[in-house]
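Chain lettering (A, B, C and D) follows the sequence in which the chains are written, and residue indices restart at 1 in each chain.
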Amino acid sequence: MTLLADLLSIVFERRYRKSAIRKAKDGRPVKELASDLVGSTGEVSGLAMADELLTRFDMMDDESKLDFFRHIAIKMNIDPEAVRSTLYNYEQNPSRASYRAFMTAAEPRRQELIRRLNEAQGATGALVQMRADLLRLGKGEPELEALDLDFRHLFVSWFNRGFLIARPINWESPAHILEKIIAYEAVHAIGNWEELRRRLEPIDRRCFAFFHPSMPDEPLIFVEVALTKGIPNSVQGLLAEDREYMSAEEADTAVFYSISNCQAGLSNISFGNSLIKQVASDLSAELVGLRTFVTLSPIPELARWLKQEGLEWDLSHPEQMSATAAYYLLNAKRKGGMPFDPVARFHLSNGAIVHAICANADISDKGLAQSGGTMVNYLYDMGKITQNYEHFLTTQKVVSSSTVKSLANSCSILQVQKR
Amino acid sequence: MTLLADLLSIVFERRYRKSAIRKAKDGRPVKELASDLVGSTGEVSGLAMADELLTRFDMMDDESKLDFFRHIAIKMNIDPEAVRSTLYNYEQNPSRASYRAFMTAAEPRRQELIRRLNEAQGATGALVQMRADLLRLGKGEPELEALDLDFRHLFVSWFNRGFLIARPINWESPAHILEKIIAYEAVHAIGNWEELRRRLEPIDRRCFAFFHPSMPDEPLIFVEVALTKGIPNSVQGLLAEDREYMSAEEADTAVFYSISNCQAGLSNISFGNSLIKQVASDLSAELVGLRTFVTLSPIPELARWLKQEGLEWDLSHPEQMSATAAYYLLNAKRKGGMPFDPVARFHLSNGAIVHAICANADISDKGLAQSGGTMVNYLYDMGKITQNYEHFLTTQKVVSSSTVKSLANSCSILQVQKR
Amino acid sequence: MTLLADLLSIVFERRYRKSAIRKAKDGRPVKELASDLVGSTGEVSGLAMADELLTRFDMMDDESKLDFFRHIAIKMNIDPEAVRSTLYNYEQNPSRASYRAFMTAAEPRRQELIRRLNEAQGATGALVQMRADLLRLGKGEPELEALDLDFRHLFVSWFNRGFLIARPINWESPAHILEKIIAYEAVHAIGNWEELRRRLEPIDRRCFAFFHPSMPDEPLIFVEVALTKGIPNSVQGLLAEDREYMSAEEADTAVFYSISNCQAGLSNISFGNSLIKQVASDLSAELVGLRTFVTLSPIPELARWLKQEGLEWDLSHPEQMSATAAYYLLNAKRKGGMPFDPVARFHLSNGAIVHAICANADISDKGLAQSGGTMVNYLYDMGKITQNYEHFLTTQKVVSSSTVKSLANSCSILQVQKR
Amino acid sequence: MTLLADLLSIVFERRYRKSAIRKAKDGRPVKELASDLVGSTGEVSGLAMADELLTRFDMMDDESKLDFFRHIAIKMNIDPEAVRSTLYNYEQNPSRASYRAFMTAAEPRRQELIRRLNEAQGATGALVQMRADLLRLGKGEPELEALDLDFRHLFVSWFNRGFLIARPINWESPAHILEKIIAYEAVHAIGNWEELRRRLEPIDRRCFAFFHPSMPDEPLIFVEVALTKGIPNSVQGLLAEDREYMSAEEADTAVFYSISNCQAGLSNISFGNSLIKQVASDLSAELVGLRTFVTLSPIPELARWLKQEGLEWDLSHPEQMSATAAYYLLNAKRKGGMPFDPVARFHLSNGAIVHAICANADISDKGLAQSGGTMVNYLYDMGKITQNYEHFLTTQKVVSSSTVKSLANSCSILQVQKR
């Protein structure tokens, strides 16, 4: 059976890698391995070297990792002279050969190194981890920031939307995947397996993740969905232990109440947009009663922005908090004109609009600290997404419901401040 | 169950693509679509445009395809001035930003176009087909040959060894895969389903293919294996209708008797080496009795070479044919010093050696025409592969068994000719 | 992954059986093995004996099989004295122990034998084959016909509807399953793989089969479905090589145009009813446009009945043929009052009604010979199935559309004959 | 893909059942439903009635369940007169028809009822649950104990060894299966998910369960295995939190340290023997270094037996405890001659022997209470299993290693007592 075969080979490959990565077998210094790998003419010893290099890197301390990164950043950089002369030749005599020479010169050899490393079985995950190390260690060093661009350039190809697989995550999912959901949940923390079960098992809850075929054990990003009647206005209600379940068929609304990226090494390679759209499309096909797709989102930078603006807030006036939040979401900008709030940037760039402000919607310590408990519903109107995001990207104007607009206008303190 | 989910999503995605790709929905000219796609800032309309463009391309005649290729080859090429100035800036002030600007300038926008096209569901197969068209139509045009290098550059990343999945192909495989095996077999043609069954069903026969997760219905390359006692010396014997089957456990030899590439659009992206090694490794693990890994290979260019050298052959003296073949394999070179014979180049570059010459080993019309029926066993000695191929790639010297060496030395006619 | 494990174990078990069944290892005569197996106190040697016995039976000629059947039919029959005395004890003193003694006495030991044989891995298929042999060889011998009832009694439990799995069969199904579809098609023969493809691959064709988890390679029964607009009136139209395909979403009618039982050894254990209902339910869920579920069925006994009644037919008057067929379906009865026609009995017992007569609907040799090319549409009105079949089973009255009723009334020849 | 289809249908069927079983739709009293179901002539309304009856039963309180059980036990019992007269007819005129009449009369109609109930999708699990209720409620009532024999008779057919599927359970298994492992572990309790992980995830630990295809979410029995070097002599060592893991390839011994039955409703239908043999065989195939298959088993009835014999024990003399345990295992018998200890009966009946006594091997409260912490290794010598169990079942003699024999002989207190 082909399917069986697939699984066997995937499992085999993972096993192979697992054991292979544990023991260094080759005496060559890592830097030498890197040069030899790039120079290697055939696949045979290339695979062994790639394996060896990844194994050795994995066992290094941060000092040695940094040293290795600097080495390849500098020694495997482009040679400007070569770029110039091959470019000149190509201009004089454009041909397959002259173009190839230019391509080779214009791409730093470290890109070829990363590509060759990726040929080892199961290497993709190890390279994602390597980039996570680079991002952590390389901050502020121009050479290493440039090296990161090479990683990113290749990852954009490898983690192409067309290669990703959307999987439901539920209480029938493998435990080793579920423990990662617990670990990676970034918005509303999951304390233990019982809490996890409450998010996955009920018939009115869903969760979906993107996976890459070469990293079948690692979710890349996941979204948690509540199926509800009407748009919810607090996360306490959604996550209440004793709430009543509802049949999925009765739901008219799908609420994306938590989206978490899982891989530090895939920073700046965005999947959230695709995942939301895929999930909305899958749910629509399954549940014909669904009319509304909406988020219940935090406003993570509200408090920070108020402080920066020298403003105070008063938790005892929720309606004022709401007005302030509305004002902030519609008007607070970072340099360049994009919204100040990162979650707003994300959803507005996906074609959502600001639909409603919810006071006292997240009264956890974290929720109170970052936004006085206020949250926001972004609305995904599937028929208008394209139009919305194009309008947003062109004008950077935040579109909102008229209610939110009025609310923002009613924000007295800020209007004073504005004057 | 996650696995179910995987399949569902894969199946869904293919279905979606199938129907989506059929109808053009967007009035924009294709060239405009291409520009807009590269310029598109968000995923939302990008996916729709990619889909549309692939659909439209698929429906074009060759004339229009050629026109499209020329358009993107020329209009989306690098801008040498931009390369030079960004390079200069980078040299003056190496930073993440200046490096990024150089990267962007040094990569033609058509690469970004291909990457964005690949984001559509199931687009990978369509792009492989597009490159097949390009190779067919673009021969001799420097701009199109350069464009092909861009396709190739991206395909090397996407069809990375680490992303490929080796699957056994057998009589329990899906019919729509098996019919492709019939269609793609390039060495010893398969006439119908009964012949196919004789190659797949017997317990002493195996077949393996590489697949890419984004093209689950399309084998990329496959190898057919016979399990035997001793090294076989004719393909007639191997494929005889009435031969006796043997239990796989009794076999001491695995014979790779046919390797076929399936995708014209993946030309020059080599998988054969990896597949042979993977299969040898999997078979060794399964069947501990296997000692010898060997091919029974055609000598496709022997006749052509003899003709080119002005030599005649005489089918009535098989021993002379064998000596001639041995001489040819060890000594006939193309410009640059690599063996004249393409199959020899393939196996020798993989670390195999020339083990034995088999007269009258393929007496089909094709076999007689290309080599007077002579075939060759290349031997894969798993412990010496690395050493062999490194020796070969460094020295270009063909290593052979002493028997073949003697046979080559006994080749009188050619020795005369050499003087 | 549990799923992988499942498959592995299933595959393993089949392989194991395949090799195990080939070689007899135990010197005991088969009859002795049978006694020992029934007497065996533990599973350990029981499994080995069961395997051995099945292997040996498989290698027997018909003579020896018959001898074996007679042996167990007679030597492992009930002992009337034991039945009577345990029954008496149970009546006197009803208890778990006395009931158990009665149960044991009232069940012939050959049932226990069959159950123990079934414990061997993959034995179920071998036992189905054994019953096929029994049905073929045992006709007319009361002891063997009684033995068949024991097989049937156990098979009814083992092939319980709740254990069966409905699988779509399509062009992506494994070749070893598809070749069985070719072999087992009983209504409209499939000549080769190309014909099979025309029935499976088009988007407006479907095929479904029932499988038993212990015989995953053997379909038990399958039904072929055409999705159409309107009710078709000829099989030539349905199966035409050059017909236009239709998108499944546009279809308003699902036509069950062929139902084939696959296992002679499961004779009299009916699955057709369940399969039709399952398929109708699955298709309804998938394709919301479907309104009508109908068959296009042969009238296999029409010619035979006419001959039996001393009537002639005239192919040159199709309208007369239709009237005759209508009359036959509504009025011709076998002893006991059930319809004469076996296909009519099947569909009417499932709750269908006679909907329309189609002249010249199957002009193959077979179609012409059995019914002058006339066919019939039975209609499955999902809302009335229960009511229909209960009415039919109570009254044995054939329900038909008014058109068919008029047609039957117009049948002049037969009306004459009736007087 | 057939596999996909399988899963879909299984999943579908489970879903269907889940929702179907929740609401009663039919006004008829349950007893009437039961009669109608047995009398029902067609599948159509039969399935609906079966579904309804199971749903209604599930919602009953114990009182009503008991009432229902009594009803079918009495009203659907055999009719002795009918048995006698059909038996008489069969003797006079043995034929298919007369045998069939006898079969029908000799089988109580309640068996047919249970079979028909099982035709509903997913009914098997509901019937297992029904029998669990029966065993719980029916104790001591002869009619209900007899009814249980009918359940058991059918379950033996349905849970035939040939239908069971052995699956590995590991940290990649679905969470909803794993939570059942936590719940069902009967020997050494699993407190939480972390403890579960320690039993499943390490590379030197394994777990296997039997499943039935119609109850894919319910393990029937599972066994936990430790891979070790040498035979372990304490469960504390095996389960220590901080122990060092070992590569599975280095192990020479597989220790079955816990076997748990999961389904009260499958009481007296033994799978343990088959599971141990299957697992031993699978592990042998995977890990060629395994030489020894052994248990580390509790001695659950030692304390009870000592008390019954009026003997005292002294935990401060472990060597004395060991001798006592050895004596008990070899000599303590229940009525009929079988060993007093139920775990001993189980393993000895499977062909194991008493290999070694381990003092202080389970110092949990439970371990100390039932056997003063003493445990025992039963040895499965694969080559001698058949011989051992046949010897045991014939002679009821407990075979042990010479060490254990000496130990038993050294048991002074008991020898005194014996005199």
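In this section, a residue touches a chain if its C-beta (ideal position, glycine included) is under 8 Å from a C-beta of that chain, and two chains touch if they have at least 3 such contacts.
Everything numeric in this text was worked out from a predicted model, so none of it was measured.
Student: Thinking of B-C, which of A-B, C-D or A-D forms a repeat of its interface, with over half the contact pairs identical?
Tutor: Comparing each option in A-B, C-D or A-D with B-C, the repeat is A-D.
Student: Which chain is most remote from subunit C in terms of Cα centres?
Tutor: Chain centre farthest from subunit C's centre: A.
Student: Give, as an integer number of Å, the spacing between the C-alpha centres of subunit D and subunit B.
Tutor: It comes to 54 Å between the two C-alpha centres.
Student: Can you give the whole-Å distance between the Cα centres of subunit C and subunit D?
Tutor: Here subunit C and subunit D have centroids separated by 35 Å.
Student: Rounded to a whole Å, what is the gap between the Cα centroids of subunit A and subunit D?
Tutor: About 48 Å separates the centre of subunit A from that of subunit D.
Student: Two or more other chains touching the same residue: where does that happen in subunit B?
Tutor: If we look for residues of subunit B contacting two or more partner chains, we find 1-4, 7, 172-174.
Student: Can you name the residues of subunit A that touch subunit D in the complex?
Tutor: Residues of subunit A touching subunit D: 1-4, 171-176, 178, 192-193, 197, 201.
Student: Give every residue of subunit B touching subunit A within the complex, in rising order.
Tutor: Touch list, subunit B to subunit A: 1-3, 5-7, 9-10, 12, 41-45, 47-48, 78, 80, 83-84, 87, 90-91, 94-96, 99-100, 102-103, 106-107, 115, 118-124, 142-143, 145-146, 148-149, 153-154, 156-158, 160-163, 165-169, 172-174, 177, 211, 213-214, 273-274, 277, 282, 349-351, 385-386, 389-390, 393.
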